[in-house]
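See the structures that follow.
One chain, chain A, appears in both complexes that follow, with chain B as partner in the first and chain C in the second.
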Partner chain A sequence: MEFLFYFGDVFTPFNFGLLLIGTIGGLILGATPGLSPTMAVALLIPFTFKLEPAQGLILLGAAYTSTVAGGAVSAILLKIPGAPANIATTLDGHTMAQKGQGARALQLSFLASAVGGVFGVLLLIFLTPVLAKWALAFGPSHLFWLAILGVTVIGSLDGSSVVKGLLSGCIGLWLATVGFDDIMGAQRFIFHDAVAGGINVIPALIGLFAIPQVITMFAKGRARLDAEVLSVEKHPIGKALKEVASRGRALTIGTITGSIIGLIPGVGGQIAGLVAYDQSKKLSPESRKFGTGHPEGVIAAESANNAMVGPSLVPLLTLSIPGSPTAAVLLGGLLIHGIFPGSDLFDNYPDVAWTFINSMLVGQILMCIFGLYVAGLAARVAQVPNNVMAAVVLGLAVFGSYSVQNSMGDVYVMAALGTGMYFLERFGFSAAPLVLGLILGPIAEANFIQGSMIANATSSVGQYFFTGALNLTLIAIVVLSVAYSVWMELRARRYTTKDEAVAKEEALS
Partner chain B sequence: MSDLPRTQHIIASGIVAGVGLAVAYVSYTQQPSEAFVFPRLIATVFVVLALWTFGKAVLGRTKVGNGLSARALTNIAPGLIVALVYIFWAAKGLGFYTATTLAFFILVSLYDPAPHGQMRSWIRRLILTAGFWAVMYALFAQVLNVFTPREIFF
Partner chain C sequence: MKNLIAGAAMALMGLAGAAAADGHANYPERPIMLMVSYGAGGATDFQARIVTMTAGNEDALGMPIAIINKPGAGGRVGWNWFASQAEADGYTMGAYNIPHFIAQSIEGGVSYGADSFEPIANWGADPAVFVVAADSPFNSMGDVVEYAKENPGKLTFSGAGLFVGHHIAALQLEKAAGVKLAYIPSNKGGAGAMKSVIAGEVLGGVNNLSDAFRAREAGNVKILGVFDLERNDFLPDVPTLMEQGFDIDNASVNFRGVMVPKGTPQGIIDKLAATVPAMFENSRVQGKMKAGGSPMHIMTRDEVLEMWAAREETLKELLAGL
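Right after this comes the complex of A and B.
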């Protein structure tokens, strides 16, 4: 119950103000199609430089939580998911809005998000310290395999091609080695002055997530956004509360599915929402109503994608292995303050860790309260034309990257990586494994070198890295995750026509 | 295989394979070799996967990635050129705020669905640009105290 000691820190005027700004801003950003939670958090990082570590994390955590929930606004009112996590919400949410039940759908969505989100953060609160103690038993070989696991799981699960996902992870791992070697001081792959000091993670993250989105907006040309905003009529909140309580099955399925999926590295909110929706539909006696504006569809999808948020941070805070791209961005936010998460985070920085986690708990409630009021405004903001959005994001990306170290080199790296990533994405490569490779590369290398030294002094490298229950378990998970993804890919291709595959890719891009 | 010309996939995967081979070459030849143990490990996997992808592209068996249509390329080109000139030359050459303001105005105007012949739409774009400049200046110069290159202008 240590977290209770730090609850007061969330309610200092400045911290609470940041929480409010992060929540309301996140709701609006989340409702804007094209601004994913990861990109929103990456663009916010430069604004945390001047803040204390806990304050910066409060802002980033609030933005993460509320962008996921805010995406439901445009999913329901515009039929455009604000983020991939809200795809399942459009299925019933927009139909409800078309029937004149937009307010009801929004209320159900925010209430379900809050229930799922609170449950997810409670899991984070109670699981993290236990796992952190367990993580103390991890040696260099285990941490090396964990880092590789992080890259391979995301590489194999994130995209539609396992080989290209893993290849993206390799590119990220290679980029992480650019610069000076830590032990020998040797120059590695320094092909331009801008990368002499290595590739700074924050500009790289901004570039990899923001620039492809900017170019995607360019690709639409001078097209007018023709989505119609459906009006939001009044609906008593008490009724919505009763309805959420009476639809316990969908809420439970969504919350539990989201929490479990959040714990698995690499499986994001999009999967959580879709799996919860599917399970809820299968187990519901009213399964035929799903897709026709059934409230259970909204409740299951939204409770799942917010329940995923808390558990997705467990591997980051205990093992310093970010389980998702957004967690990787949050790791970047920690690193700029000199805080390296891991098993000793709760011993060395309990105030930072607990204030951050507690703020996410409070943020879930604030998100629910403000979400209901901000929804109308957010839907209007979601209609900001592409040309303005692209120019704003580009400007923020340039200033944000520059302000990390006041270096033009970082801006060049941001632009080069972002432009390259756009073209790679068009050919089936994915940013998420590349980012994970870039972040986990130094962890993998440091532990590989350390493990090799220990192995040379005690046994052989093969014996040190490939024996022991924990090593073998981690290797087995790496192999199984890749094998499972290959099997799923082959299976999907067997049952998918060419036209369906092209349509699916177009929809996802 | 998507209907895109196979050449696009061959070029893209060829570039990736080329990078992979270059990384492998440097990793296996550069000294001190102890500093390249981990890069060698990555480069080996990198090259195998990249050549596999390239081989599939050459054989026309690429299953994912819709590539770029001629229309998308035409749409992207002006914006990308403005963005790259802004980042790689104007930001340092003209000054950060001047370059950002110019780039914002050009991009907003280039991609604005509103007709380019209307005075009203130009005034709207100018007001938007002024608003954007004010917000960026307030945020980065006043609140965050970021010292940006001033160069010829501001």
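Right after this comes the complex of A and C.
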């Protein structure tokens, strides 16, 4: 209960002002495509040089929380996921926005974010010592199986066809091998300087999701100019509150999956949203509605990616190991004030540590309030005429890809992948499995190589990867996940013909 | 105080005079960019931000330095860009990591070498250290080597990757102790390598002194030896490998500093070489670096040129067998 003692520090005028600035600034930065939470926090570090340690961390903590939630805005309204955490949000969120329910989708996403986020921070407050052990439990073999579990999600992520989902997942896995390999430094498929460093996930995300949409909008052009005035439904906040409360299953699955996966160093943040989306789809009696603008899809994805924020800081605060790129940037923010995080952080600097954690708790609530306030206004974006919208999205896509590492090469990668995806979509392939392959490929590969190096030196590969309770549990979940997909496939015989793909396209546009 | 100001003014005038001869009297006229070939939040990025924070002061460059990150492939992406595409006008500087970029150029597949760049000054030296988990039975390098002799090839230990300082230290240890070890490179840099030591996935690890110091403060690891010529101020109680009877020099020490691309006008190089080391000596910079646990080691351009040449020779010999 020690954290209650330091709650007052959050509400001193200056600290609270910083919290407001961090939250509002974070929402804006998060809503800008290409500015991931890591970038946003890194941009703010220089401002903390002049502040007290606790004040600096309030600013950084608030910005981290609200950029993660802010990413939902561009995911829902523009179909550009700002960071890998928001991929799953586009699946149902953008479809809702196209139906004129953008305000409802945004309200649901902010409410779900706040519930997930508060739960995650509470875990950080009460269970840190237990969680620290859990974070260390995942070695190379376990991370490998976890990545394989992610691969099994690929098949079921695309609602229309398992085979096409798997195929586009394979394209993603192949793209992931481009560049210098992570461990041995071998060069693979480097046919142009722009891909020497591998394909960066964020430009790829922007290209794969935004560009096909831009081309579609331009292709429709002036022919149907008259038909494009979309009415945006107003949606009272009270109704959104009731709806979130009534979708308890999606909210619970999202929050719990997000907290558990967020804890695992190096993997969590990127796939928490997608795994939670997939789980709540599989466990829902209305699983057919997912992908067609079902509110539960938005709720599961957004509660998961904010639930991950709290637990993702556990390895940093207790073991001094940054578990994610954002945590690494926060570590810099601590070191600059001479504070070494570690198991004694809470004894040596209780004021700094608890004020930081409390500010994330209050930040979640503030983020939700401001988010709900802008949701109604932001949803009007859907009324912008197609040709204007296409130009704006294209501009943001170029800006977002360039800003990741100030490289024109990333812009070329974004444009090339996006154009390719436009044609793939014509044949019924979708972007989400492809991106998942791109994210999981390096995790699976690097951990397999590391694991087998350790295994060869100590025991044998078979023993290293197939014994131990955690390995066996993960393998069992993988088998179950595959069996479930096969069973669903046999029962429903899902497949897509060209006509259906065209029909789906027509319905959406 | 008066003397100081007068001295600084004289030095500035002298500089201005020398630079004017080359036509770079007013350099720098706009902010300067410093390319860091590792991601935001890494040790190199963190230190680069601190040592350049006073660049805008009148007694330094008078213009701020902005950090641009170009991460990827262990630094190769950034340095490739720096060697082939960066403009040699004095407004694009880069951060170097020794032995990384020299080892990579010996390994091949990149478009740079030690002669593609012009060093300006060195700011830091982060020696590699050998760490084991806090509950490990090993208490000295002797214990480690003894275990390796009894179990050839079974002593697993982690490091930040291949062809970086940690890998060089590992090769030196194998050679000096005459044993076969299992070096496990991490794909998540020093932080990932440290995690695998603390979690018990490997029996030990080579890591950065600054990170290991922090992990020891947190009670997670023991530090058994320093891969350097002398003991470090941060760890006065930890003996060097040399003291423990292994013939290992400082070839694996991670030197960090700034450089410009080949072809930058000599007048600008001279001006930077004169001002940048003084900028690193600023007391605010020193204070922040100490607070962050980052050892400083300031070297002038001439000293760095000498160090690069010496490193290249040692590394060529060490990596020849790979």
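The rule is short, and it goes like this: the second predicted complex is superposed on the first by the 267 of 509 C-alpha atoms of A that agree within 3 Å, B and C clash if a C-alpha of one lies under 4 Å from a C-alpha of the other, contacts with A are read in each partner's own complex, and residues count from 1 in each chain.
Heads up, the rule we're going with is that a contact is a pair of C-beta atoms (placed from the backbone, for glycine too) under 8 Å apart; a residue touches a chain by one contact, two chains touch by 3 or more.
On a predicted model such as this, the values are computed, not experimentally measured, just so you know.
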Chain B versus chain C as contact partner of A:R426, first or second or both or neither: first
A:I454 touches, of chain B and chain C: first, second, both or neither? second
Contacts of A:F399 with chain B and chain C, given as first, second, both or neither: first
Which of chain B and chain C A:I215 touches, first, second, both or neither: first
Which of chain B and chain C A:P140 touches, first, second, both or neither: second
Contacts of A:Q98 with chain B and chain C, given as first, second, both or neither: neither
Which of chain B and chain C A:L331 touches, first, second, both or neither: second
Contacts of A:Q383 with chain B and chain C, given as first, second, both or neither: neither
Which of chain B and chain C A:Q279 touches, first, second, both or neither: neither
Where chain A meets both chain C and chain B, residue numbers: 46, 49, 183-184, 406
Sites on chain B touched by chain A in the complex: 1-3, 8-9, 12-13, 16, 19-20, 23, 26, 30-32, 34-39, 41-43, 45-46, 49-50, 52-53, 62-68, 71-72, 74-76, 78-80, 83-84, 86-88, 91-92, 96, 100, 103-104, 107-108, 110-113, 128, 132, 136, 139-140, 143-149
Interfacial residue positions of chain C with respect to chain A in the complex: 39-42, 45-46, 49-50, 53, 68-74, 76-77, 80-81, 84, 104, 107, 109, 153-156, 161-163, 182, 184-188, 191-192, 194-196, 198-199, 201-202, 214-215, 217-220, 288, 291-293
In the complex, chain A residues that touch chain C: 38-39, 42, 45-46, 49, 136-137, 139-140, 179-180, 182-185, 187, 193, 196-198, 200, 265-266, 315, 319-322, 325-326, 328-332, 335-338, 340-344, 405-407, 442, 446, 450, 453-454, 456-458
Residues of chain A defined as touching chain B within the complex: 46-47, 49-50, 159-161, 163-164, 166-167, 170-171, 173-174, 177, 181, 183-184, 186, 188-189, 214-215, 217-224, 385-388, 390-392, 394-395, 398-399, 402-403, 406, 408, 411-412, 415, 419, 423-424, 426-429, 444-445, 448-449, 452, 493, 498, 501-502, 505-506, 509
